[in-house]
Amino acid sequence: MGSTWKNNLSLSIFGQSHGAAIGVTLDGVPAGERIDFDVLNTFMLRRAPGRFPWATPRAEADKPEFLSGIVNGITCGTPITAIIRNTNTRSADYSNIMNVPRPAHADFTAFAKYGNHADLSGGGHFSGRLTAALCIAGGICLQILSRRGVFIGGHVASVGGVRDDAFDPVDINETTFAKLRQMDMPMINPQAATHLIEEIEKAKQANDSIGGTIECAAIGLPAGLGSPMFDGMENRISQLVFAIPAVKGIEFGAGFEVATKRGSENNDPFYVAENNTVKTKTNNHGGILGGITSGMPIIFRAAIKPTPSIAQEQQSINLSTLQPATLTVKGRHDPCIVPRAVPCMEAALAIAIYDVTL
Amino acid sequence: MGSTWKNNLSLSIFGQSHGAAIGVTLDGVPAGERIDFDVLNTFMLRRAPGRFPWATPRAEADKPEFLSGIVNGITCGTPITAIIRNTNTRSADYSNIMNVPRPAHADFTAFAKYGNHADLSGGGHFSGRLTAALCIAGGICLQILSRRGVFIGGHVASVGGVRDDAFDPVDINETTFAKLRQMDMPMINPQAATHLIEEIEKAKQANDSIGGTIECAAIGLPAGLGSPMFDGMENRISQLVFAIPAVKGIEFGAGFEVATKRGSENNDPFYVAENNTVKTKTNNHGGILGGITSGMPIIFRAAIKPTPSIAQEQQSINLSTLQPATLTVKGRHDPCIVPRAVPCMEAALAIAIYDVTL
Amino acid sequence: MGSTWKNNLSLSIFGQSHGAAIGVTLDGVPAGERIDFDVLNTFMLRRAPGRFPWATPRAEADKPEFLSGIVNGITCGTPITAIIRNTNTRSADYSNIMNVPRPAHADFTAFAKYGNHADLSGGGHFSGRLTAALCIAGGICLQILSRRGVFIGGHVASVGGVRDDAFDPVDINETTFAKLRQMDMPMINPQAATHLIEEIEKAKQANDSIGGTIECAAIGLPAGLGSPMFDGMENRISQLVFAIPAVKGIEFGAGFEVATKRGSENNDPFYVAENNTVKTKTNNHGGILGGITSGMPIIFRAAIKPTPSIAQEQQSINLSTLQPATLTVKGRHDPCIVPRAVPCMEAALAIAIYDVTL
Amino acid sequence: MGSTWKNNLSLSIFGQSHGAAIGVTLDGVPAGERIDFDVLNTFMLRRAPGRFPWATPRAEADKPEFLSGIVNGITCGTPITAIIRNTNTRSADYSNIMNVPRPAHADFTAFAKYGNHADLSGGGHFSGRLTAALCIAGGICLQILSRRGVFIGGHVASVGGVRDDAFDPVDINETTFAKLRQMDMPMINPQAATHLIEEIEKAKQANDSIGGTIECAAIGLPAGLGSPMFDGMENRISQLVFAIPAVKGIEFGAGFEVATKRGSENNDPFYVAENNTVKTKTNNHGGILGGITSGMPIIFRAAIKPTPSIAQEQQSINLSTLQPATLTVKGRHDPCIVPRAVPCMEAALAIAIYDVTL
């Protein structure tokens, strides 16, 4: 299994990078929700390859074709399925990967699990391309949530040593999200963005790649959503966020900084705000206590590893002969996947949140 | 729901801190597994309160009574249920919490979800006490895994500003785990341990608490376990680890450090080790690529927030009157929960791993 | 697994017939539901053994002890767990079963699955005794549903060749249910009941047992509950009903009779009843179309096989020697389990329905 | 949800009768399984419309296009997705159904659940056409099972008053299955087949439809597969079989006949057969005891209601005006869906069985 997630919503993602198509089935969206395809395509475009110096030049339309679940732009209540045909594939680039796994990529573990019949071509089902399917589902959830006053946004929080400003954890607003959505490099601090783009360019010049972090937030949620234990908000969000390749860590609210804090610093005092809403003065808890929303913004950050595929010679092995082998990945790859991963994070968060509201 | 987890194993945790009992049902353990109750009780003791200066003096036996699933010390294949009676409860300590939620605790969010009928006494179902149930299930999984050559161990990686040495990511061994298991303060570096205990003592003297991190690892796993997407090893482990109260972040392998790395640094080169086993020279990937085990040690770190309950006056609100209120938590609380959370992490990891091997 | 069910509600049943206790965890009941223990115990009593000539004289109190989830008679929103201690066990009766499986019982298949470590004593986890746990969970759901105007009832529809009158499929009412609940032999037609009791008595005199059918219905549900495909109402109800040992068939509405009907007979015409409610003139569809409730009464019948344990010599084999063996079951057994299974059916239906309303 | 099923295998079915396409995702089939598309298409053809007098003349190729999961005819281990485009749709036939629900069809309940945005055209997601998707998934499972010596077959057991011979419950063989697979009207007794075809013809001449039963069996399974309680074999099979529209009942082994039997008749005596295999002399238990396979053939029968769509005037209502309305279904419909439902039953059984062997 692995590629099917079943909760209030069900999500099933399929396809391999160089197969006929990739796609997604999203089951459980109630009937009567209008889907704005222009808004969805604009959202998809933020993840699309080929648009910027820091992104792979493989340019595919990535425009989903909907096969079911939407009639005249309105959901009919039964499963929504969309596919994206794979048109611009160049398998030859990957021909030697079958035998020589790329370091830090899933080639080797896919081979360990699936054996000789693993489809490693272009990363197969493990390709970052599959996040387009996640973005279709997430993009639908985002639209519906926004009509209910729940807004989600994200930005590149860091790449290498360059950091963006953080979201204000108690006072994030949709205006900020809207601005970020329109930026090629979604960051709060323009100067940091300039430096960060340089950092990526340097990595690219060195035939290398570079990692980073993404901060993502959701506002407008009431208190009381979620569950204790295994279905807490952190658990749900994590399960979806780790479905995005290259994520190696996730933290909520103050995150790993809580490790250095005292209770008197970390505890967020409650107060009563306008409309008799209970709020906290600080938001170290990231909007979640005991797995349940507090009504404060949900905030998380995820760590994205550098793209494994780099145009440098790397040490690996030949899986057939079990002899040492070197590998220089040709293909077309992003020197930094972080900017394109921002909408993926938003998609994952939107699915987790929309699911829990159903 | 939330307190039931269903995979190859099913796990159902029940109970409130000041109710009749807490307990766990673990379904799916095959018949014929010997359970050594002494080993289990020794494991449980590592989590037990009341033993050390840094732990709450509430001393309960915490010895599980098994109601089903084990006959003459051997599993019979049907659900294993164990309970721990709550004997040493002092609800009076919590009487004022009902109306005045403790900052950073789940009192408020439980109230938001369950309303006036929430059982907030002693933290109710959200109490750290419930991790005893997780440890029963995890302790069983640990025993079975160790008989198959899979070993799991953890240590306090940091508290406040004091850091322990890290596990050697490519060469962790059961000897280290065994030593750590016997320590009151499970740490690799004895000097760091001394400083760290002082750090906790300082927080205690200040009527405060302090957070920290835990590093946990598993060795002896073959390559090829796990799944892509939603049921990857990171997803599974995260879903269980975030069931432990106070966890605010998790990272695998190099974790958030990947954000500062280039691909050429982060990519772990493959080589062929003895017995034609494929290994990696470094282990930034933490034993997991594409959600699937690589055969290298699985390593993760989790951030534990400072215990919310501190003996200082804190600002909160009265939920009935919606007026400001102050709160001084009396009760008995750990100034630092991190050492007692180490076996909980091991338990969560053991459940995730044993589940995926079934 | 198998003994854990996870939907909107989660249900986890544990215990063996001759172990320390049996019990159930029901997770997902919202906070604030009053549980009337007298009503629950009265419901449990309908399933309890030892009360009638047709029931096993093994007399246990079967009174659940609640360990969690209910505070002062009100649900608190977190998992409800109840156990029943096993006190009146006589393992000696079963000593020879270990090696010689009882025909038509799960002894052999449990052995095939769990091997030598199967707990076959008294039927182990496969004992009809475990339905007491189902009745605790179902009894809670029944109470809550009845406060929302949804009523459930059942009767013995047949035993051997003796048939009770059927429910009027379009006009069942709570008054009928209430009467049936108070009968030792819950049947609509008193004369049929007399004959049916004789039929059971005859089987008993012959050291034999006898099967039967149960009809069960739910009224007061709105149209539009349920789902297409795998989570339809029939699918959900079946999954729970087949958890009751001895059930070998289930049919909804006209059931197997539809096989002999023409469309013009079987199609239930729609009409508009009082309050602009859409109803059908007949109810061959049993209240479910396309897996979704129509608002008409839900009706199903289940076939219950004769109790496998009979005091006659039966042919079997010795599992150790693989030689032929004969077996005469001593123990204490119901000549007809059907009357005691009626509340179990109601429990299963109540869980399925309450779950889908959440 | 409803249209996603998650176990060892995951199954997600999507599409509406008159939408762009229908399809299925089957996740969890291990890598390395060869899929013979000719065999699959031959299997699909048995379900296909338009071939016989008793089937709707709507003739679509129903040839699945595979989008993922199969490379060069071999599964690669990641999700298998196949779609069938809807080409021969005639929505006009259904134009008046939107407002006037067809008796016994899901039009009304879909409207009750999804409201005005339900896609009722051609039955939408509730159309029998969706069973083509089930057959793709089941056809794959059938192929794999047969290579492991597990064979599945079915026949029309009755239509109206005409009954076929039953399978020999202790001695079913693949030869019989193979013969049945090649028949247009898959029945054991040729004379019964002749009468049965006449029965269908009579219904057709009367502008009516007629129901029936299907018997389905699986052989070659070892003892010990399945689980107690909620995941027993009966539960699993039922959950999949009730996903087939028109099924109103299911019974295993002797089924509803157990209700008329004594224990001494119904209990199947054990004996030791060749190769020290434990068998039963009779098979009233239908190969399942306590939810677990006994090694004897698994046998079930399902009741199929007459096709709701008939070319007679029927009474219904206008959903907009809530006034009485009459309805004469034009469209193209099978006078008897039973023969075409046989491969659907085999598909459902194959999925349930293959799932439990993984």
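In order of appearance the chains are A, B, C and D, and numbering begins at 1 in each one.
What we mean here is this: a residue touches a chain if its C-beta (ideal position, glycine included) is under 8 Å from a C-beta of that chain, and two chains touch if they have at least 3 such contacts.
Just so you know, these numbers come straight off a predicted model, no measurement behind them.
Colleague: Quick check on the contact graph: shortest path length from subunit B to subunit D, in steps?
Modeller: The distance in steps between these two chains is 2.
Colleague: Using C-alpha centres only, name the chain that sits farthest from subunit A.
Modeller: C
Colleague: Whole-Å distance, subunit A centre to subunit B centre, using C-alpha means?
Modeller: Each chain reduced to its C-alpha mean, subunit A and subunit B end up 27 Å apart.
Colleague: Using mean CA coordinates as chain centres, what's the subunit B-subunit C distance in Å?
Modeller: Inter-chain centre distance comes to 39 Å.
Colleague: Determine the centre-to-centre distance between subunit A and subunit C, using the mean Cα coordinates as centres, and give it in whole Å.
Modeller: 46
Colleague: So which stretches of subunit C touch two or more other chains?
Modeller: Answer for subunit C, listing residues that touch two or more other chains: 1-4, 13, 78, 110, 113, 125, 228.
Colleague: Dump the list of chain pairs that touch, please.
Modeller: Touching chain pairs, listed by label, come out as A-B, A-D, B-C, C-D.
Colleague: Going by the contact rule at the top, pick out the subunit C residues touching subunit D in the complex.
Modeller: Residues 1-5, 11, 13, 101-106, 108-110, 112-113, 125-126, 130, 158-161, 203, 206, 208-213, 222-232, 234-235, 238-240, 242-243, 245, 247-272, 276, 278, 280-281, 284-286, 288-295, 303-310, 312, 314-317, 319, 322-324.
Colleague: In the complex formed with subunit D, which residues of subunit A make contact?
Modeller: 1-4, 6, 8-10, 12-16, 19-23, 25, 27-28, 30-32, 65-69, 71, 74-81, 83, 110, 113-119, 124-125
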